[in-house]
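Both complexes shown next keep chain A, but they swap its partner, so chain B is in the first and chain C is in the second.
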Partner chain A sequence: MAEESVLRDDFLRQLISVGEVDILVGLATHNNAKTVGPVVKAIQAGILTYFPRERAAIINADGGSRDGTPDLVTRVSIDDARPAGNLRTLRTLHSISTHYGNGPSGSALRTILAAAELLRAKACAVISPESVNIEPDWISRLLRPIYNENFDLVLPLYRRHKFEGLLMRNVIYPMTRSLYGCRIREPYATEFGFSGRLGSDFVNRDIWSHEMARSGPELPLTVAAMTGGYRLYQSFLGTKAPMDRGSNDLVPALRHTVGALFWSLQPNFAVWSASPNSQPVPTVGPESEVALEPVRVNRKRLRDAFLTGVAELDPVFRSILSPSTLAELQQIAGRSEDDFRYPAELWVKTVYEFAVSYHKSVMSRDHIIQALAPLYRGRMFSFLAENRNGSAEDIEHNIETLCGEFERLRPYLLKMWNGGE
Partner chain B sequence: MRDMIVSELTQAMQELARGFAHFLPRLIVMLIIAFVGWVIAYILKVVLRAILRLAQFDKLSESAGAAHLLTQAALPSSTELLSRFGFWVAWLGFLLLGVSVLGIAGLQEHISNFFLFLPRLFVALVIVFFGLLAASFFSRAALLAAVNANLPSPRLLSLSIRTIIIVFVLSMVFEELGVGEQTMLVTFGTAFGAVMLGFAIAFGLGGQRLAQRFLERRFLPGTKEEKEDELPPL
Partner chain C sequence: MTLNNDVLWYKDAVIYQVHVRSFYDKNGDGVGDFQGLAEKLDYLQDLGINAIWLMPFFPSPLRDDGYDIADYRSVHPAYGTLEDFQAFLAAAHERDIRVIIEMVLNHTSDQHPWFQESRSSPDNPRRDWYVWGATDTGYKGTRIIFVDTEMSNWAWDPVSKSYYWHRFFSHQPDLNYDNPSVREEMWNVMKFWLEMGVDGFRLDAVPYLVEREGTSCENLPETHAILKELRSKLDEQFPGRMLLAEANQWPADLRPYFGDGDEFHMAFHFPLMPRMFMGLKLEDRKPITEILQQTPEIPAGCQWCMFLRNHDELTLEMVTDAERDYMYDMYAEEKSMRLNVGIRRRLAPLLDNDRRRIELMNGMLMSLPGTPIIYYGDEIGMGDNIDLGDRNGVRTPMQWTGGWNGGFSAAEPEKLSLPLILHPVYGYPAVNVLAQKRSEHSLLSWMQHIVSVRRSTPVFGSGTIEFLYPANHRILAYVRQLGKETILVVNNLSGAAQAVELDLRQYKGNILIEMSGRNIFPRVGDLPYLLTMGPYQFYWFRLRRI
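Up next is the complex of A and B:
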């Protein structure tokens, strides 16, 4: 039983007193006092509006906040949500907060999953405490397909600026789509819904002792759903909460996403090596909505980071990349700013060769992930240059082309994985 | 006179024959020990090579940077080298054991000294291997961190860290082997102190603004690095 080792005694007692629930919403927090209040109110309003007859609980897994976040979560009264919409619920809405310790952020999701299993929740959702633009209907969009239509994992679709989420568009989405055959736009999500059976399966897997699962289990959860025969769904939520620029450092983001994706390849080799071409998944709302407002980006810094990386990390790249790929990188590094292009094919080969080096542990795996950062910046420079004046359709076309390259070069990955080249 | 010479010669020949008869079995025992030792050492080499290959020791030594050093010195792979080393140490041990059976005066002490030295040699080799591993890991970590943080001269920083660790490892190895202990200790202390003092002066005086920015970022709350023109990747 997963919950035996994860849940604290006092939290366990509170859960037992709740009994069973139909709906569970999890909130993983750590010093989110500034934003968590409106988020909890929106969650409550969503539950009261769309699931008035269901037994529901809000579970807050807190990582030791020192700004009173857990108090804010539990103190937000259900009455705060009622007057606004004249809402009535026939059931009690429980709100419980627990401290999951000072471990990595993945422990929070594990706590929520274990609580969901103990409460036998049918449909669960995880909401980011930083989603300040959350609307009550997000709860319905994430939970209805699970509760009413027996889907197992509902992932979000957002309206994004054309230059936001580039790691998702340039690596995570195309690579998961190519390898696991599911066209999921946001495989690494901060808001998502999951069924009780998927949550129960995932929390009881023997992965939690691994650093990668403990630090960022969101992507492994998506991969588990894609490879385990679960039913996936995409739901459009609206505009993604604006991110604090600089708060989302590249190397930790690479560890949680690209690292988790590379890590998932080994146990799922049998699946992705035999996976047919990708298929769309049921989706409600637009698959891709792009905002085109002008945005200030320091492109020179991106190119400089790439050039420094190629020049300084040569001994590291020699262990990771094939001689031909490295030679091509050195060649494009020598081009002028106007002629600089990091072509899709070369980018895909780079990513695949990094994945193989990660699999073969040619050096510390964390070092492999860190070494990708300057190359990613080079690719970003190229992407920004190519799509500077691009319309939403142009962006979508370029992403689709990149996905095609990832799918076309899958045999190349397979060949290297099996010891070729 | 003639009889006396013949008698002396006969006696000498008899003593030589007796001595040889006395020595021959020991020689045969020595040869047997040497042969059995060779067989055991060979088996040990094969087993050791198989274990090291199974444990992917070549990969480990590659990530430690040892493989690169061996290639530059035109030596075989670390697995082959270590298994050959095991073979020679084992066979040499048996040879010395065989020689000791011959009972040649004065050799016993040297043989026992050699056997006493073996564990220290082994520990020294282990220190070298893990030292190279640590030097390679930390210098690469520093290189990657410096490149991703856009710090100036990442390779110099990485090389400095590698050099310091290797010097430290060498001083430990010489101390373990008992070679120039005092000299190595003083040399290491002086070199390490000089490098650290150099860094401190360079950081505090040469890189005054960098030091100030670093300390402010580290210890003053609310001081964030300017990243307003970077795009969030997720």
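Up next is the complex of A and C:
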């Protein structure tokens, strides 16, 4: 039986009308009416300002919003039947929307990728509908390197508070850097740009039947670029608007990021097992800009979650972790709050051993990811304590040290992967 | 004289713009002439046009290709005699071809006897026929038109030791229309030609007739009053004759030139032309539909004049800065292709000699509301010579054959008024009338066909237009309607094949008959009407309820 098309017929008809484009901006939405209006206005302004002559389209893949989100997106279309007020534009700007069905959120990116391929888009960007502090020049920063300089993937750099983006700083960045050799600060991004050829390559890969790719394809896309000989670039976008996420969102976040990273290891074993030391990638703007304003963080809850996890998940950890790593975890769990530290080496070994267990499917892969959550919280507690009074340079130094540990211990991962210990 | 009696003849006309000097040299002196033009009337009749617009042919020092007139009541000796002109006029009328001549109202040559008298003394009776000033500071708010050559609209006259006003070249002093004698004399000049039988005038540079301090000196009410006065006399004494305005203005500013149907019969739609080129390059109908949406209704009996190219540069005055930059980058990469605020190139080179685009542009020219003008040589795809100065690069001799001087003249090549195009692609050995007449698939044959289809119905000349807005922005579609006759026009502005769904529900039950091949297309039903179109393809469908 033929595979069902990712594109609905009514969307296909809209794509026929859009025709070939030079620039495509994708938005994956689901009930984002509160924020999406200014975001699409900024996208429109960015296209008109920085790409006034290029053929452009905004493509919205919506998960079935009931708050009028798609209408807000399509409203920024500019054509002869809908003039743009005082805006004088050379071209028609299509902003179209489709309902990608009830599938996982990764289907939205797949829809955008498929549309980009059909429209033969040269340079594409994906923007989060929640990025309320987007400026029009984000469009330029994400697309110009692709459109003008033939890069294939442009990932963002943000100004973040020192205690934001901790999952990125403690796992995703250092591990991808260690394994794939590219110093990409935000391998999992909600805003990024990609070339038509990378998008086309990725959407046609035989990965979309895997749950991991369907639910969180952003990181696999980055890995595909890093392992496929594509040219990567980083653009500083400014301040990242903090997402309104509760602590309950950690496990889904781990699934989309750490899970996707673990999942990528097997098909890319040949690459990462022989990868040389990491190299910087071309970057515009500051690579790391850190805000230091004091913020309130409930550190006690983090440590409590760690302690509870270590106590209650002991049988699970015995299947995942090596005896020495588990012993060290139990040892630090016994320390007082003031003495509690989750050292970088132990954290790297923990992550690597989880990755190997994920590869070997020692249990349900989803349970493995869930089991990492309390340990990650312990690492967070330690990170916050170590950097409570740290300057921007201190934070950067500590992250660089952690990256160094991930790179230094890559042989350890390889040994475990190949059956050692 | 066999002309039909239709007083609205200009609405259904297809006009051919020609420069006598460059069309055909009968006497072999290297310069085209009226005898030569008369000899080629059969060619023009075969092409299907039914009106000729002649560029200035009056005695002139020719420092602006005849737009610097030194005698309004005669013919430049290089082009023949007044009798030659009369013979040509009669021959044209015998073929049911009307003749529109140029009338430069705004200024004369500085060699004109009027100006010579005017400058001779402040007390001369003709002193006040021109606009003089003791200083060069008057009318400060007035823009300079020929920005590449002129620094000021005032020029110092060493003879009378004062300044005179000129909107164009400094050798073209502006007449003073506040002087009733000037107005009277210019009407007498027009009457001279009308009595001879000319069918209309293209009135050159009409927005600039009157000057007033504190204004832009363009489109002033006093100017309109003068033009209305001319029109009134024309209708009274010469009914059925026509006035065509050259006013390079935005549509809203152009509208007053039609008055209440009591000023001009026709006016050029200058802003549309660059947007047709823009729409084609952008592959987007938006520039075209936008400017037509901004185009006001005009009185019954009035008409827009449409053109793709003419003897001047492709003017970019009526576009935004961003649009102008785009046009320059897309159509005039070489700086030498640019002149004043425009592009001095012919149609075929502008369109990379792409036959499909040339046909599409001509198809739009013939089907959008207005009377189309074909610039001589564009019907065979002539090229240009940007190495010639000013606008001479688009005024080179007509290419009739692949032989001696392209069949234009028997003179020595060195004696030609302008050199022929020798380019391997556009030169006369490759592009000429004789060769194209022998091929039914030539551009010339296609032009003959499209002109005949255009003229097969009055809908294109007089019908209303309603735009369809299919979601596919590469498709420019509109319905022309006059009485019970309805024509659907669909243009693909893209270089790639396109699918388009048209909402034709209001025409449900009609069948579509393609007007070129007369083949039948499916009947219109409730569903969107699906058409697939090849690159740069266009269709004209007659809707028939049978």
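Basically, the second predicted complex is superposed on the first by the 401 of 421 C-alpha atoms of A that agree within 3 Å, B and C clash if a C-alpha of one lies under 4 Å from a C-alpha of the other, contacts with A are read in each partner's own complex, and residues count from 1 in each chain.
Just so it is clear, a residue touches a chain if its C-beta (ideal position, glycine included) is under 8 Å from a C-beta of that chain, and two chains touch if they have at least 3 such contacts.
Predicted model only: the values in this text are computed from it and were never measured.
In the superposition on chain A, A:S17 makes contact with chain C only, while chain B stays out of contact range. In the superposition on chain A, A:V132 contacts neither chain B nor chain C. Of the two partner chains, chain C is the only one that A:P52 touches; chain B does not reach it. Shared-chain residue A:H94: touches chain C; no touch with chain B. When both complexes are overlaid on chain A, the residue A:L250 reaches chain B alone and has no touch with chain C.
Once chain A of one complex is fitted onto chain A of the other, the partner contacts of A:A385 are absent, as it touches neither chain B nor chain C. In the superposed model, A:L326 makes contact with neither chain B nor chain C.
Shared-chain residue A:A241: touches no atom of chain B or chain C. In the superposed model, B is the one of chain B and chain C that contacts more residues of chain A.
Residues 59, 62-63, 137, 140-141, 143-148, 150, 154-155, 224-234 of chain B are the ones touching chain A in the complex.
Of all residues in chain A, only 13-14, 16-17, 19-20, 52-53, 55, 79-81, 83, 88-92, 94 touch chain C in the complex they form.
Residues 278, 282-287, 289-290, 293, 320, 322-323, 326, 467, 469-474, 494, 496, 498-501 of chain C are the ones touching chain A in the complex.
Residue ranges of chain A in contact with chain B, taken from their complex: 163-168, 188, 243-248, 250-251, 253-254, 257, 295-298, 301, 304-305, 308-309, 312-313, 316, 319, 360-364, 367, 370-371, 373-374, 376, 380.
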